[in-house]
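Read the structure below first, then the notes.
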């Protein structure tokens, strides 16, 4: 028993290095996708203190809109642009109808409002596009679909999916773009000011409403990218919404307000989950992925309640 | 005008501390009990009992359970569904281990197991607060759900992987199983829910209830007043999980008849949380109002168009239900973030000054 | 904001008024046969559920339009959306049972389990066609439940038999590794005892890969495990979004698709199509016809689709799951017809329906009469055996559509039947006092 | 009124009027730092039984941190605290409460969702013992206990003259009344030592006068020892028996008000001589 827990997994890793690398790669890709969802959460939380549970459904909704438009005869790239437009309208609507009247409410109320938004988008999305899963229009969007295999030695084999590589590249590009946006543009600076202190930002003439609409739109774009990537891996359906919960332990690790935290947290969860499932999951019959991430986050929290990048909290009274 | 406490003087602290110190409230609660115990059983049909009243009461109880934790003690939990599941599985195991024991006793005892599990998952609450705690309760949710599937002992190695409720009798009435009459099950559920609600009202107006609220309102100050945070929070977790566990056990024993692990999924947790928030955090009456809204509104939307002869495709109704419920949740949060309980107070205020606006 | 509050109060009052309205349901007209359809076109399993729902609805609707119903009595159809959710399933059941429902098709193992004990009490049979509780095949214990044409245990035995055929005989399975990928719920777990028994008997190794319901679309770990373990064959028990994801993942790790075999619920057209070119060769069991080349389906097109009486997308007709829904409705219709013949009544009750289903005999000639020659294997229900362990065939995806890839394969009845009876006995014992059968046998 | 003036008999030293009164609490060489930031450096002083002790100093001098150290909310890295003659080990805030240390807060820390009555009742938490079982039943012991404590709370309500707001949720009260309720809550604990953190901050003159009167009454009628932080020098000098002055976490003066007032270091600190 002890052998199975403490030694055997490492022996396996050593014996099949190609497989171990493949596991790491899968963990990496999953981590990137978790990180993308978490990124959407972080953007909104940073600017408005709203813990946006609807991010998961926004991923589905964005993907569904894109595919749904294409199915109705809209060319792929035009559909992409239209979807971006839809996300902008959604962002504006959410800011106008949900966020603005709820300003200054306790966080649990805001959280509930986003779950209400989730219900609404589920109904609306299914109503417009139907409930059947749809295939992502990967090729039409010019995304790669094949895979490359590296054969190592006798039996060694590592398969890299091109779409996964594309996902990683797009994630990196998005993070860099966001970083530039936050640091170099006027709106980005305003956004950071808002994140620091709402009142102070207001007093120097920053429009909170405008900022909120922008972050919801940015989160919508991140959701669209996530929706395309995840849709390409399985397909676009409402069952994806549950996968989006995985972003929550990622947030715990990375902290609710840190963009690098979301990325690192995503990767830790991605790696931890895959390695845990493949090398230790078998001991309890497998399928531990549904909760492993949460337990990792929980244990982590017990030792570091402020998250990876958070500062030590000094309680004041 | 109609609702006035003027002229009702309390001559003892005892009377002042009663649950319903105002005469009109006492009349109101008596009327509600009369409707619940006499009018509904006399006039309602099976559909109304099984699909509306029984689930409503069970959800109201679960909402009371979560309200203890979130509304009174301020600890946000997303693991309610799983704690209800613990109650259900515990009750199932107990009835199969002690087939001759009274099933209602078993249901009430099953809550003890969910209380214990709830307290274990409440341990992190000492160090973790707010949304972070909410996410860690998700660990409980997903882990327990996995256990319900993976520990076949819990479902007596049934090949179906589900728990099924056997027939049990009490005082000559069949209370569980398919043959139990809706009316019998309704009375059992009503008595348990009303009983626990009354007992919780007692706890909440006393020292323990106050210590929960102290932790909720300002945990640091509470600690400086001599409240032990861990003990108090764990007690809230345990009491809350006990109530949720009983509700979960009732859900399978008196309503669904059989349950798979997916019956106690994260969706159930959200459902209950909605009831608590919309009903009003920190209000027992609100738990009932929230449960009524979240459970009954979709049922109405689903069946009323058909009953009126309006022909709409089933899935359209479902989509519309999602949209309407979602929109109404946001609407009510905007209108009154403190929930129906506060709306009810406003309504009472209006009745008090009627016919004058102020 | 004040107006808002008044509006909110108003909503609450309206809720109360509507509630009282529900206490008195409309009485049901007595000149039609009422068939509620518990379907799901929403939720995570909608992808599979929509096609089934369409098939079920369209065939019965077609009977109404073409023949004016069955035996001259129209069918009254009502869909009730369950979303694959047990709570809503019970709600639909309670809402419809009082209207003289003849039979329930829950299309969810969870809902089926809830209805099984109620069926005998409310005297309405449950028809769980190829799903639900396998043990319910024992008609002596479960007179009110029907799971023609096969149970999951039948299916599992067919898969193993088929794999044996591929290997040139069951004895060649010795030392082989067979992977079992399943939805981690009662549905996917049910076949395991039988598979384990067969593994012992034929000496193959059974590897299990559970997929948690919440992780249906995130299967890379399971398939990495498959890659490591290198099983010779993969068998899948999936549903909803789990199927296309699994097919994609199998393509991704370059698993030989012709050694990947799904249960009949993993046989949807969308499921296989998701894998694109790479999915070519994927196999699945099936017991309902492939393609739309049947006169009855042409009638559906003519009487239901063309006049716009259905929401079915015309090119999904003939898809595996659509045809499955049609077969389900054929069994309902034949049950009603048989019941009418047995009782001489036109408008029948649930009890009559039970007799009708128990006396169901869908033989070759009858299938041809229905315009469904070769659509299904002839099936017959007996009082003892409500599933019948009918033969199943294997179909294969050619990249565009399904093609029949084997002859009809008989399940290993000799192994399955004792297991079924033992399971039924076990169920009755655990749910003691389980009522003994008192219903007469129509045969 | 005498109901909660329990065991406040004078110590022998006080009774015969000779010698120093008993020292209730002593702080010896206490230092506290957060990360690299030093909040308190090497501070020592004592609080005698029955006195009103003021802690003053400019903003950021470490006054509130000092109170937090005294009631166990912060743990000093160095130094000891002696409570009634015994050196205190590292402990939790609720243990300080059970030893008889109560306090009010700089920014009112009332339980916002509860009524005035419940807030003050919450001060009785430590004195109530009926367990969950009795609480559930209510009738009988739990109810009797509740009523018994309610009586004491009503006495405090009378003393503070806040009868009219008994059933009002405290969140709706004006600031001055909130401060008063907070004092009531602390009094309900029947403390040995009462720590008041800026009890008069943000009050108008009239409210300040009321509050001063309450503080003196508490000290004299119930014999409660009081340590208070206050910015209003007039109030401090009038009320307190002895004053300790902090600046940048260090003690710069300690003694009777007149003495402290005259100290050059204190004048420098308040007028802002550069360091």
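Going in written order, the chains are labelled A, B, C and D, and every chain counts its residues from 1.
The definition used in the following text is that contacts are C-beta pairs under 8 Å (C-beta built on N, C-alpha and C of every residue); 3 or more make two chains touch, one makes a residue touch a chain.
Because the structure is predicted, anything quoted here is derived from the model rather than measured.
A.B. asks: Which interface, named by its two chains, has the most contact pairs?
C.D. replies: B-C
A.B. asks: Using each chain's Cα centroid, which is most distant from the centroid of subunit B?
C.D. replies: Greatest centre separation from subunit B goes to chain D.
A.B. asks: Kindly work out which chain lies most centrally, taking the average of its C-alpha atoms as its position.
C.D. replies: So the chain nearest the centre of the shown protein is B.
A.B. asks: Based only on mean CA positions, could you tell me how far subunit A sits from subunit D in angstrom?
C.D. replies: 49
A.B. asks: Whole-Å distance, subunit B centre to subunit D centre, using C-alpha means?
C.D. replies: About 41 Å, centre to centre.
A.B. asks: Would you mind pulling out the distance in Å between where the CA atoms of subunit C average out and where those of subunit D do?
C.D. replies: Measuring from centre to centre gives 72 Å for this pair.
A.B. asks: Roughly how far is subunit A from subunit C, centre to centre by C-alpha average, rounded to an integer in Å?
C.D. replies: 35
A.B. asks: For subunit A, give me the residues that contact two or more of the other chains.
C.D. replies: 126, 131, 242, 245, 285, 287, 290, 315, 317
A.B. asks: Find every residue in subunit D that makes contact with two or more other chains and list them.
C.D. replies: In subunit D, residues 73, 105, 109 touch at least two other chains, as defined above.
A.B. asks: For subunit B, jot down the residues that touch at least 2 other chains.
C.D. replies: In subunit B, 142, 146, 220-221, 224, 266, 315, 318-319, 322, 328, 334 touch at least two other chains.
A.B. asks: Considering only the defined contacts, which subunit A positions touch subunit C in the complex?
C.D. replies: The contact residues of subunit A facing subunit C are 16, 19, 22-23, 26, 29-30, 126, 130-133, 135, 145, 147, 149, 159, 161, 230, 233-235, 237-240, 242-243, 245-246, 273-274, 277-278, 281-282, 285-287, 289-290.
A.B. asks: Which residues, counting only subunit B, touch subunit D once they are in their complex?
C.D. replies: Its residues touching subunit D are 13-14, 17, 199, 202-203, 205-211, 213-214, 216-218, 220-229, 235, 239, 282.
A.B. asks: Hey, which residues of subunit A end up touching subunit B in the complex?
C.D. replies: Per the touch definition, subunit A meets subunit B at residues 51, 97-98, 101-102, 105-109, 111-113, 115-124, 126-127, 131, 242, 245, 248-249, 251-252, 256, 284-285, 287-288, 290-291, 294-295, 297-298, 301-302, 305, 315, 317.
A.B. asks: Using the touch definition from the top, list the residues of subunit C that touch subunit B in their complex.
C.D. replies: Contacts found on subunit C: 1, 4-5, 7-9, 11-12, 15, 18-19, 21-26, 39, 41-42, 78-81, 83, 85-87, 90-91, 94-95, 98, 109-110, 113-114, 116-118, 120-122, 133-135, 184-187, 189-190, 193, 212-214, 311, 423, 426-427, 430-433.
A.B. asks: Can you name the residues of subunit B that touch subunit A in the complex?
C.D. replies: Residue positions touching the partner: 70, 76, 124, 127-128, 130-132, 134-136, 138-139, 142-143, 145-146, 150, 220-221, 224, 266, 270, 273-274, 277-278, 281, 315-316, 318-330, 333-334, 337.
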